[in-house]
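Note that the chains are named A, B, C and D in the order they appear, and that numbering of residues resets to 1 at the start of each chain.
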Amino acid sequence: MNEKGNLLDIQGVSFRHTAQQPVLEDVNLTIRHGERVGLVGAIGSGKTTLLHMIVGLLKPNQGQVEILGQTRSSERDFWEVRERVGLLFQDPDDQLFCPTVQEDIAFGPLNQGKNREQTERAVRNALSLVGMEGYEDRITHHLSGGEKRLVSLATVLAMEPDVLLLDEPENGLDPVSHERIRSLLLSLPQAMIVVSHNVEFLASVTTRCLRVEDGKLKEIVV
Amino acid sequence: MNEKGNLLDIQGVSFRHTAQQPVLEDVNLTIRHGERVGLVGAIGSGKTTLLHMIVGLLKPNQGQVEILGQTRSSERDFWEVRERVGLLFQDPDDQLFCPTVQEDIAFGPLNQGKNREQTERAVRNALSLVGMEGYEDRITHHLSGGEKRLVSLATVLAMEPDVLLLDEPENGLDPVSHERIRSLLLSLPQAMIVVSHNVEFLASVTTRCLRVEDGKLKEIVV
Amino acid sequence: MHITEGVAPASVAAAGALLAAGGVALGLRAMKDEQIPRAALVASAIFVASLVIRLPLGPSSVHPVLNGLAGVLLGWAAMPAFLVALFLQALLFQFGGITTLGINTVTMGFPAVACYYLFSRRIRESKKGREAFLLGVAAGVTALTLSFVLWAGSLILSGKQLAIIVKLSLLPHLAIVTIEGIFTGFIVGFLARVYPKAFEMPHIIKTRSDP
Amino acid sequence: MSCTTHFSGHTVVHRLDPRPRVVATLVFAVLIALSGHYRVLCSGVAVGAFLAMLSKLPIRPLAKRLLRLNLFMVVLFLLIPTTSPGEPMFRLLSVPFSHDGVHLAAGITLKANAILLVFTSLLGTVELSSLGHAFHHLHMPAKLTHLFMFTLRYLDVLHHEYVTLLRTMKARAFRPAMSVHTYRTYGYLMGMLLVRSLVRSERIMAAMKCRGFRGEFHAYHHFHFHQRDAVFCLTSAIVLMLFAFVEWISGGVAR
């Protein structure tokens, strides 16, 4: 991992979903390696949009995105980004689409070109990281909300990303799963951006915090 | 409305979805007329299941359900229940299945055998109750999340039910819509059971609270 | 595999419309009220898939048809489901057309129904994921092959000169049928493992409790 | 993103009652499909072009549709006349184009364009749910109408779910290629979409039951027949009868 320079450098980025009002407008954001950044903001303020833009699932209408030391614009530029930046989706139901937990976790490593044995190891590791050993053959569709959330995180960790983008990882969880996620995040070494409506949670897992408001980003103290 | 006796009396009810562990086990619950009951519980604990059982969409494997003064077991028994008990579904996309708002709200009254004029009146009333006048001809699937939620509630209110069962009515709403729902619920005269993960919200709209845990119901103080 | 607007002369179009009307009427009779949401949702899903999924094939890509799958999931209700889907395709995207709506419904729908009789029960009774996968492949291949035959037939009936189109598309179709088979196989295998209830039509598992 | 948009607008055509529009379109399509004479076909195209202008169809989407259709027609023109036997009409690069073949291809092209234009201007401009209501009032079987409405209602919902699922696959470094892995992945994607749809369909049925549904649909929407609709009916009847008359006096079925 290139430890020099910035992890992420966004300059003058604007984004609009449709003809409507832009969701993000002339946004600047720089994140250095190893930082853990919290992201708050009202519903529909554009937090998810920002994360999706970082991995190139949405393309900005304007501005420049530099990730992992390189300017990225074409779909092909983002292939490398997606192998090194792990995105946890807001809704775990969107993240799990393979029949079994095992296959779902193996999907990423296989796309990265790992062989069978490496993939199996990655699956085992990822499951033990989130404390879900023994879930390999469970049908993803039948898991509970909290289990789905943890397995989703395992699918991301299995790709051994250098950076984590976590979209409301603790949302809709009961207190027990909530605590499990919190301590897991604290134990992970990666740089990360964490979106949440829960400011206490953010304060305990991140090092600094930003608020999305009226299409802009503002540094805040929590 | 029969004001004597209980609104709802559930005795020794058990329910399992499949061969697995039962979701509800030997549950007892009595609700008197006019009460407003909150229901909390972890994800997958069986809150939705309980509401669906009350309107007969799911049939208990064991135990006895008495609603509006009568024991109910067959599908036909529940026809009357469904005309007098309004269920707001957890996901408004499941509830709004007609093309336009107007038709969707009219669906219930028409099934109740109301004529055209009465139905029109019911549609107008329901919309004005939730503060959505002028939405008659809007296409339901173009509505925003908060609007969908309010229209869903209107479809329920249009049937002029004596009891409301509300499954996470404030979930996924921004503060403004949230407040709108809260004050609307406070202004409604009906008895209701409200499911939510938000304890403050429940405290402000209900008179007592129950927690679903390990298949049982427990009275709690909020 | 549509017959485009204008290609079919009146006789062929009328024959297609009559056959389709018969099939759709049977389908509507078989479809209980309770099954309408199911038929509609399956039709929407397949409609979306056939519109946006592009399965890579060499330098190009093909859209799946999934009528075998529709048949296995919906039985006779696949007939009205395809009528609706094809009408919407004609209206929204100009695939097919209205005078050829009957022929195209027949071309898509009847093979689907055939697959229902041939494979639905077997898939329901299959124990292993692999078996379901293979039955799915068979359903996909059978349905699309039958559709091809019906399509070619109606094209040749529409004018002998049009046979050249059939000849030229024979080879590409072989490739398309293969991919459709594999694709359908994976979907059926998935459903058999994750949600076996998919293959039980609601009226088989529960009739209305009160007649 | 939506895949169920119609050509919206505020022209006279948009304001017409959808019921006569459905009927007129159908009769027109049948007449044109039956026709074997260039004057009828050409007038058909002219009527279509006129309606397209009257309903102010947006140029680009319309051009795209016409282009897609006529690309196929170009193939027909190159293929059929050069492969069918018979007297050559002309030669291009010393390849003979047969008389019959050219007429066949020309006939098909005219019919397809005429029907497309009328279909798009008259029906493509109806809000899709009103189209469902029109079908209902034209006594289409109730189940079929409701199947149509439900399908419409959930197309965009499912399309949205598809887009989200595809995004998560991309985020996990998925790149489509001609491989079993790709086909399997799309298979799972589609499987998941179907599972969600089937589960949803059960919840919808439940929601319907809760609102007193007992196996009977009640219609609510009603149309009003205005004077302009009467004018439209009269005009279309005259035009369509004129078509039939010309077809009849031209006699025969020769193209």
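We adopt the following convention: a contact is a pair of C-beta atoms (placed from the backbone, for glycine too) under 8 Å apart; a residue touches a chain by one contact, two chains touch by 3 or more.
For clarity, every value in this text was computed on a predicted model and none was experimentally measured.
More C-beta pairs in contact connect the chains of C-D than those of the other pair, out of A-C and C-D. One copy, chain A, sits rotated relative to the other, chain B; on C-alpha atoms the angle is 175 degrees to the nearest 5. Each chain gets one centre point, the mean of its Cα atoms, and the points for chain A and chain B are 35 Å apart.
Centre-to-centre, using mean CA coordinates, chain B is 39 Å away from chain C.
As a whole-number value, the distance joining the C-alpha centres of chain C and chain D reads 19 Å. Contact of a single residue of chain D with at least two other chains is seen at positions 150, 152-153, 157, 188-189, 191-192, 195, 200, 204, 208, 216.
Chain C has residues 37, 189-190, 194-195, 208 in contact with two or more other chains.
Within chain A, the positions touching two or more other chains are listed as 99, 141. Within the complex formed with chain D, the residues of chain B that make contact are 52, 55, 57, 79, 82-83, 86-87, 89, 91, 93-95, 97-100, 102-103, 106-108, 110-112, 116, 119, 139-141, 155, 159.
Remark: chain C residues 189-190, 193-195 touch chain A in the complex. Per the touch definition, chain D reaches chain B in the complex via residues 127-129, 132, 149-150, 152-153, 156-157, 200, 203-204, 206-214, 216, 218, 220-221.
The touching residues of chain D, counted against chain C in their complex, run 3-4, 25-26, 29-30, 32-34, 65, 68-69, 72, 79-80, 83-84, 100-101, 104, 107-113, 115-116, 119-120, 123-124, 141, 143-144, 146-148, 150-155, 157-159, 162, 176-180, 182-184, 186-195, 197-202, 204-205, 208, 215-216.
By the touch rule above, chain A contacts chain C in their complex via residues 99-100, 139-141.
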